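Below are two complexes that have subunit A in common, paired first with subunit B and then with subunit C.
Up next is the complex of A and B:
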């Protein structure tokens, strides 16, 4: 099993969710996060006062999928989140040792 | 159940359970304790309102703890028998003494005894309890009411203090069965005498509401086979079908009508009882009675009509009542509500005619307690008398995963959230609070919030289009002036725009910002639209406006604001095809930025000022804003140092300049505005000083007075401590604007600093286009957009200029 964690542009969220739903992935955790990588923030002057816009709003998606589906999910996710500009985000992939469904103690991929 | 008569069904269920409980008690309890034990029904069971799957509350009243301990096995067998008979029993074992102690942590026990009912056992023991109970209630009335109030407030706050939930809990939500019971308990406590327990006799309206909710709760219990009290969307559909109504939404309105009756009665009682038990509050209340005026008296923290007949002769008094509420935050008395209610049809007919009532409504919408007044108008039904356009959204359910409230409640919550920004002291909400304070006409924004979703009740038409149609009709009737109408309609038309952009567009794409800037056109509209968006999103449910989203909206505002205001010279206003000739002549050739940053009223004032200036070549106006002053000057010919001269004049009067802007049209007409604070309240305390400031500024502009002479006499400031010394910083930015160089200066603030800086620009051959000024304690942060010979400033020129500016910053006052 793989955990896929993606940081994407907020305005791409609906598109990404739809694309994932299209390949049968509709379970995920979504968080509102802030950060910056190469897309550095900048300063805005408002009424003579500087506002740092250095932490940019991003959305984090997390999901765990079976090994066999990981590549397809990553490809779909990247395809839907891409604009081609700096700031599109990143995808991180981790190995997952175990999954447990709390309700009935299902283990492994059947708990996904 | 089949008849729909819930009260009868509950009594029947109670009788069945009585039979099982008494049989079990006789068979299992009394053999172990023939005397010294009585079995009582308490709570809902005690008052014969046992719902199909509710807990059955039984009190085992023992003469002594010793006997109770000795009967342990018998109690266990008794309870087991009840469980075996599928009765979910909730029992307590007490002595009469324990029943007549205040239990701060178990208020439910004290309260449940108000509904106690004898079932079986030692009548003498029961008589002992009955003898003590009324004396206990009368002796501890305040403590009992306090505990009950606290429980109720906590329960209400779990449901955001409103009954307008889309999927309400018919027992716990405000206006539910628990609140009906609260009313009964308060009445019972109030009428209890030391010799006997009191009774409650709710009004027919409340009894009808109880029957409706009781039937509903029975239905929910039977439908789900458990103690389920949540009226989910599915349950609403099924219940509407059971009630033989085609539309669940329509049926829910019936639910809200009953819930509202209970909630309002409960809140009135709760507040009256809380007030009664607080002496400090009584003192405050007495003080508040001094707020009375010719139209209204204040008694026990409630506003009353002095002469209710005034409503017949002069229906506008109704608006004055709500203006009184909006000003003082005082609620309306029950009598006044009834007096309004009795004249409902007449008032509706009067307000249906076109009347010039916008000034009064705008005043209500702008006062400190505006949301309290508007909510009171809604609760009493006055809002739909004044705006019948809102009738269709009353109690309207819009089914959607995110929305928690009905459409009318969403509107009221939006207003409350908007108003609460005024007190915001911390990020990310503080800047929104500043924005709201900057709004020159908050009434315009409030009316836009009130009507933005009015069209949601119209089927077959987009809700925005329907809202615009309804708002147009409403504003024509209340005679809102055209400029205000225009902005209100704009806000309603675009109220979804910013949230849609945040969701679906790249905020850091310059094209996105240009598109929005192009659509909003003016800073005034952008501010109002940002605040409306904040209010609208935050009223969807209490968790939607996260700090993340608030920051995102603020960043969007900031970037669009700068997009609107940075363009200085590239676009010039071309004469429009229509409009008053004087206005067209005045506007021609000003940067388009001028239109974006000024309201219609300001432009009209500037046109009038320009006309006044023709005789002497200059005209100056000083007016008071909400928390500052504004000096506007029109001069027919520019001259080097003009801006510096005016800045110096203001400094010589001890004024602190907060913001300044300079404009020129193609004919060379100069229009400068200075917004300034009057830290020593000179102008407020000496009105003649305003005239002197105006005259002195005109003399300085026409060179009849030397500004340097004036500055020699200015007051000396207190120098800041050494530790607080601010390091001077001068930075140039050639990329921020298409036509000007941005010069940012951070320096130690002092009177006359702006004059010295402006003089430095002037002596170095620079023209100041715009100045943005901010002062934080002793730190001045000034941003100048400057040009030299109509172009940006080159590197060599920047070097010379920087030296001059640094000298100005570090010069001694």
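Up next is the complex of A and C:
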């Protein structure tokens, strides 16, 4: 199993969720985060003082999928999240050792 | 109808009404007593109108402190300090009230010496429902006292903007108590008290026009704020760290409550429900509006974007500047005063503060100190007896008030009043803050400042978002 972690632009969230739902992925965890990569922040002026704002709002999605589906999910996700500009975000993939459905103790891929 | 015409008409009607009636009344004693009853009823009706307005005004001014200023300042600080900021305003509503009742009202308005009152009204002795003819002859003395109390409450609360986010609560309480006694009560007496040095209408040697407290409230608090900011020093991380308002939403609400409440502050300073109150109401509103536009325009040109914070800062600056002028100037000069305050105070907080590098956290000096100074001086320019007919010579003729009336010398008197308020604020505050520092220590330890004063000093948090 693979954990797919994607950090995307907040305004792309609806599009990404719809695209993933379209290929049958509708279980995920979403959080609001702040950060930046090479995207420079912007300058703000407060009371005459200039400040660099480089903690930009982003959205993080996390989902665990079977090994066979991983590539398809990554492609769909990236395609929906892409604008072509700096700041689009990143996807990281991790190996997952175990998955458990709490309700009935299903294990492994049947728990996904 | 202008004021002289109104008086003349009243006089004619009265003569017409009373002469034949009076002649006839001598033959009919019943009519005489009924006439007296009508006269008494008319007077009572006037008093009722005045008292209703003045009690409303007192409530409006208290609302300016709580929740107006509490929200305005509270929104401007970082989240971890929101309650400590609100506490500054709130606790003064309680503390100043007690000091005022015991001795404060008397020191401000008792007696007729030049600099400070006496103890004739201590414990509110002789402050009852009968009017005090010296100050406000148509309303109960208690109304006048409670109205003035609301001014005494908000003035020290304004200072808290300068030492926000780093001052010890206990030291603040001691500071405010001493400040009320040493700075506010003398200043209030000098400008508004009978026989006060700067009093315009009650026998002052240097008559200074300050309708609602440009010098008494805004200059003293604003300049004291500067001294406090300099003495306490900069917040940890200032100016490299951005310390932005945690909630401009509540600051906007606070600013609007200040704007509405200010009608009680300025128009209520007419001390009756007269045409002068209406005039002050209009001037106040116009000053606020023009100043908001002035600040927003300056910011738009300078930074490229007009901000909400600029809008509310501007309107407050305008309200401050129009305060001394409100019962003396016409509407369009009020617009001019407001607009000037918007521009000048914008430059103060965005340019001058940077240049000198002091940490006046919420711009109490930039807005109240400078706005009040500007307004006090411009009052000398634009004050006119066409608005305020309360100043007459011994023959009953109207005296010229400000430069527009041909009395340019008034500007000099205004400058003297400004200088005295600056001087008293500077000297008084330096002494008081030093005493507080020696006795209690004024600045919180570094760890508490970083942790946040709400948790460190008050044991609570403003927002518990997860619950």
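Heads up, the rule we're going with is that the second predicted complex is superposed on the first by the 107 of 112 C-alpha atoms of A that agree within 3 Å, B and C clash if a C-alpha of one lies under 4 Å from a C-alpha of the other, contacts with A are read in each partner's own complex, and residues count from 1 in each chain.
In the analysis below, a contact is a pair of C-beta atoms (placed from the backbone, for glycine too) under 8 Å apart; a residue touches a chain by one contact, two chains touch by 3 or more.
The shown structure was predicted, so the numbers you read here are calculated from the model rather than taken from an experiment.
Taking subunit A as the reference, the larger set of touched residues comes from B, when subunit B and subunit C are compared.
In the superposed model, A:11 lies in contact with subunit B only, and not with subunit C. Of the two partner chains placed around the shared chain by superposition, neither subunit B nor subunit C is touched by A:27. Of the two partner chains placed around the shared chain by superposition, neither subunit B nor subunit C is touched by A:84. In the superposition on chain A, A:56 makes contact with subunit B only, not with subunit C. In the superposition on chain A, subunit A positions 44-49, 51, 53 are in contact with subunit B in one complex as well as with subunit C in the other. The touching residues of subunit C, counted against subunit A in their complex, run 239, 242, 244, 303, 309, 349-351, 353-354, 363. Looking at the complex, you find that subunit A touches subunit C at residues 44-49, 51, 53. Those residues of subunit A that touch subunit B in the shared complex are 9-11, 13-14, 32-34, 39, 44-51, 53, 56-57, 83, 85, 87. Chain contact summary for the complex, subunit B toward subunit A: residues 502-509, 546, 548-549, 551-552, 555, 558-559, 561-562, 659, 736, 742, 744, 772-774, 776, 781-783.
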